[in-house]
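Shared chain: chain A. Partners: chain B in the first complex, chain C in the second.
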Partner chain A sequence: MLGNDFIRVLYIDLQNRKADIKERKDLYRYLGGTGVAAKLLEENMKKDLPPLHKEQPLIISIGPLSTIFPVVTKAVATFISPHTGEYGESHAGGRLAMAMRNAGYDAIVITGRADKPTYLSITDRSIEFKDARAMWGLDIEEVGRVVREREPGPGKRSIIRIGRAGENLVTYSCVNVDTYRHFGRLGMGTVFGSKNLKAMIIMGERDLPISNLKEYFKTYQEIYKKATQTDAMAKYHELGTPINIKVLNAINSLPTKNLLQSTFEHADDISGETFAEKNLIRKVSCTGCPIGCIHIGQFRREFDKGYEYESIAVSYDHELIYALGSLLGIRTSDEVLEIIEEVELAGLDAMTTGVVLAWATEALQKGLITKQDTLVDLEFGNTKEYIKAIDYIADRANEFYYTIGNGLNEAVKKYGGQEFALLYGGNEMAGYHTGYAFALGQTVGARHSHLDNAGYSYDQTAKELRDEEIVDYVIKEEKERNVLTSLCICLFARKVYDRPTILKALHSIGIDWTDDDLTRLGNDIFFTKLKIKKELGFSLENYRFPKRVFETPTLWGRMDEERLNKLLKMYIERVEKEYADWSRGQ
Partner chain B sequence: MLIGVEVNDFFEKYGSKTGKFEMEVEPGFNVQKLLQRLNIPLDRIGFVIVNEKRVDFDYILSEGDEVYILPFATGG
Partner chain C sequence: MTKVLRADNMNKCLGCFTCMLTCAAVNHNNHNLAKSSIKVKTRGGLQSKFAATICVACKEPACAEACPTNALVRRPGGGVKLIRERCIACEKCVSACIVGSIHMDYDRKIPIVCKHCGACVRMCPHNCLSMEEVME
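Here is the complex of A and B:
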């Protein structure tokens, strides 16, 4: 809590419609964000109950620097993932961190299941459980509009909500945050749905106590200048992450058509440059960020005969263009935006949806499933059919869509096709087929995200591949990113917030930590997450990578299966040894 | 000798010419000299690809080479 040495936690019990606030001094050593959220998950989860059991918790946390320093914009959520059955963590920007800060809560823990569809209205003075029965079934856009209209209050508020997919417990449903941001991966939207929780609106008008305004303001200005007047973050504003499409395509790293290819003959037609020229209409920011990395693209749709058109605007970035573009063989930027819109309205995770559909396309081609299952002619490049399939997933239209609505892990158990199911560590692949460090990194990362440890970066910058170095890199990088995300710093600003800058920012608000304290924090969070994963039964022993990732060239040529397995073994041995040491220290 | 060059839009902010164009260079000209002539800071380079193969800064260019200059891909 700003100005105090405790974490102020709001506990909400949906079942009994009760709320409580606790000031937790013991959590202060985890600072906030991923540290506090992981710790709160550890103490509130019921390891022997299924992920969607009403007693399982959902946690959202911010950090001490949230909103009051530039680009410290994220909120971190933890939960037991209904998608992987183990540790779930997801991050989102938008206005949520600011709203929690203004409402005076460092963390929120939600347990129980409401007896009817409900939305929560949270302010600094009240917690209200409101009837959402009329909102059940509404898409992301509609429910956002209804909550905005129903709830009076200033504009400084955040509305987070789910769509049909979350209601129907599709395991990769997202929570939409303020229209353009998401808790995307691992099924936080499913957890909302399981709790009969359709939406939350959060706002507050508490003062932010800064004791040494002079030092704070000086530090703020230094960081602001670094973020805006150097080129540390410029690329995120210019073309944004879609700049990656041309780059990855040129280096055999752009997963295309279910990774049958790692270059795409239409890459230029869906590149960041093409989106900027044809579709980009504005760039927006999360609250407290001066960069403007959220790229909004517009496309035109004919909604009736007689020249009747509407214009639709959605946000786009590299991962979406990969998963709903190249991976599905989509040839134009307009069509990619059309598919993104459908995924948005249904409330699905874009990456997993794209990977699931790419697998289904190949499974249909190979005869593992039939059109009786898919109901549509899934084929690479066929936008209209993919749009119908997205609705079928969200609605769980038949047995096949019910199964793939539980992700590829479940789909391959029933239909086969494991060898071309693009999964790393149980989660669908991100958009970088760069080589060994990426493949290892997403597999071993605590949340099976490419952002856990940025293996794709090692693959690109290494002059030669050294096994020890790869293992060392993914471990060190994940620990360091735990420091950044415990502070809720957007990872795009990782070059702005080096260690001295972090310490200076903390000092300016009265938190006198040392470099060693930060190292201890990164380590503690790393192993706390591993402890949770172990308690939930996660293990990488006997793990098998899908064959497809070895068949298609990367930046470093075709990966050798034996070498990747060896890297995984080296990683497990090293981490287990460190974990034993850490456990003894605890 | 004449070579084909494509410079990614990323480098525009450094004053580099971007897009696809042809350039006349002297025999024995290497990639590093090409980058300097194009005003591209060496520490901002991700990849230089010549005829679809990744090369180092000391690679000597030949008549008709197709050079593609790119930054690193970043996380998103």
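Here is the complex of A and C:
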């Protein structure tokens, strides 16, 4: 809590429609974000109950620098993932962190299941459990509109909500945050659905006096200059993350057509440059970010003959263009946007949806499944059919769609095709077929995200690959990123927030931490998450990589299966040893 | 010559709210952007354009006319200055301002009025805001 040495936690019990507030001094040593959220998950989760049991908690946390320093924009959620059955963590920008800050809560813990569909309205002066029965079934856009019209506080509020996929417990449902941002991966939307929670609106006008204006604002301006006047972040504003499409395509790293290829003959037609020239209509920011990386693209759709058109605008990023573009063989930027829109409205995770559909396309080609299962002719490049399939996933239209609605881990158990199911550590692949560090990184990362440890970055910058160095990098980077995300700093600003800058910002608001404190924090969070994973039964012993990832060239040529297995073994040995030391010290 | 705040390039706005965070900090010593004089909003839903509600620096300020205690005095160039010790928090100025630029700070029991100090202009990353020289 700003100006105090405790974390102010709001506990919400949906079952009994009650709330509680605790000032937790003991959590202060975890600062906020991923640190506090992991600890709150550890103490509230029921490891022997299923992920969607009503007693399981859902946690959202912000950090001490949230909103009041440039590009510190994220909120971090933790939960038991219904998708992987183990540690679930997801990050989102938008206005949520600002709204939580202004409402006066550092963290929110939600447990229980509402008796009927409910939305939560939280302000600094009220907590209300409101009837959402009529909202059940509404898409992301409509539920946003209804809540906006019913509730106060335009400009100062955050509205987060789920779509049909979350209601139907598809295990990779997202929570949409303020229209353009998402808690995307690992099924936080599914947890919302299991709790009968359709939406949450939060806002506040709480008095937040500044303790030392001179020092705070001086530091604020320094960081602001670094973020806006150096090239540390320029690429995120200009073309945005889709700049990667051409870059990765040129180095055999753009997963294409279920990774049958790592270059795409139509890459130029769905590149960041093409989107910017043909579709980009505006850029927007998360609250407190002067960069503005959110790119909004527009396409028009003919809904009837006689020049009847509608225009549709959705946000796009590299990961979406990969998963719903190159991986499905989609050839134009307009079509990619059309598929993104469908995924958005249904409330699905874009990356997982794309990877699942790419697998289904190949499984159909290979005869593992038939059109009786898929209901549509899934084929690479066929936008219309993919759009129908996305609806079928969200609606769980038949047994096949029910199964793939639980992710590829479940799908391959029933239909086979494990060798071309693009999974790393149980989660569907991100958009970087760059080589060993990426493959290892996503597999071992606490949330099986490419952002856990940025292996793709190592692959792209290394002069030569050294096994010891890869393992070392992946561990060190994840620990360092735990520091950044405990502060809820957007990872795009990682070059702005080096250690001295972080310490300066903390000092300016009265938190006198040292460099050693931050190192201790990164380490503690790393092993706290591992402890949670172990308690939930996660293990990488006997882990098998899908064959496909070895068949298609990366930036470093075809990966050698033995070498990747060896890297995994080295990683496990080193982390287990460190974990034993850490456990003894606790 | 004095200067007044203008928001003529809101088409460039990213919605980062840095202007509001700056105003709240610099003028009201507060981290909550609800204390900002400049108010950026969408015109309805995030898919619509951004707009800024600012003090338009009236030459004949209705807020000052409505104030029963002369706590708001006309400043050179337009707009008003708040003389805090005279304010009784009656909120007459809030409804008198037809562009909606004044709102209450219920913690301090004063209206939040723009000083035309230009801090928000300096911190806007996209040149949406400017200070315009006007006759006194």
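Following the convention adopted for this analysis, the second predicted complex is superposed on the first by the 585 of 586 C-alpha atoms of A that agree within 3 Å, B and C clash if a C-alpha of one lies under 4 Å from a C-alpha of the other, contacts with A are read in each partner's own complex, and residues count from 1 in each chain.
As a convention for this text, contacts are C-beta pairs under 8 Å (C-beta built on N, C-alpha and C of every residue); 3 or more make two chains touch, one makes a residue touch a chain.
For clarity, every value in this text was computed on a predicted model and none was experimentally measured.
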- prompt: When the two structures are overlaid on chain A, which partner does A:G155 contact: first (chain B), second (chain C), both, or neither?
  reply: second
Winner on chain A touched-residue count between chain B and chain C: chain C
Q. Which of the two partners, first being chain B and second being chain C, lies in contact with A:L248: first, second, both, or neither?
A. first
* Which partner does A:P553 reach: the first (chain B), the second (chain C), both, or neither? -> neither
Quick one: is A:G144 in contact with chain B, with chain C, with both, or with neither? Answer first, second, both or neither. second
Does the superposition put A:Q460 against chain B (first), chain C (second), both, or neither? first
Worksheet item: Which partner does A:G85 contact after superposing on A: first (chain B), second (chain C), both, neither?
Response: neither
Overlap of the chain B and chain C interfaces on chain A comprises residues none
Per the touch rule, the chain C residues reaching chain A in their complex are 14-18, 21, 25-26, 29-34, 39-42, 44-47, 106-107, 123, 125-126
So, in the complex, the side of chain A touching chain B is made of residues 231, 234-236, 238-241, 243-244, 246-248, 250-251, 253, 273, 317-319, 432, 434, 450-451, 454, 456-457, 460-461, 491, 555
In their shared complex, chain A is touched by residues of chain B numbered 8-10, 13, 46-47, 49, 54, 68, 70-76
As the complex stands, chain A meets chain C at residues 2, 67-68, 70, 98, 101-102, 144-145, 148, 154-156, 178-180, 204-210, 213, 216-217, 220-221, 224, 228, 283-292, 313
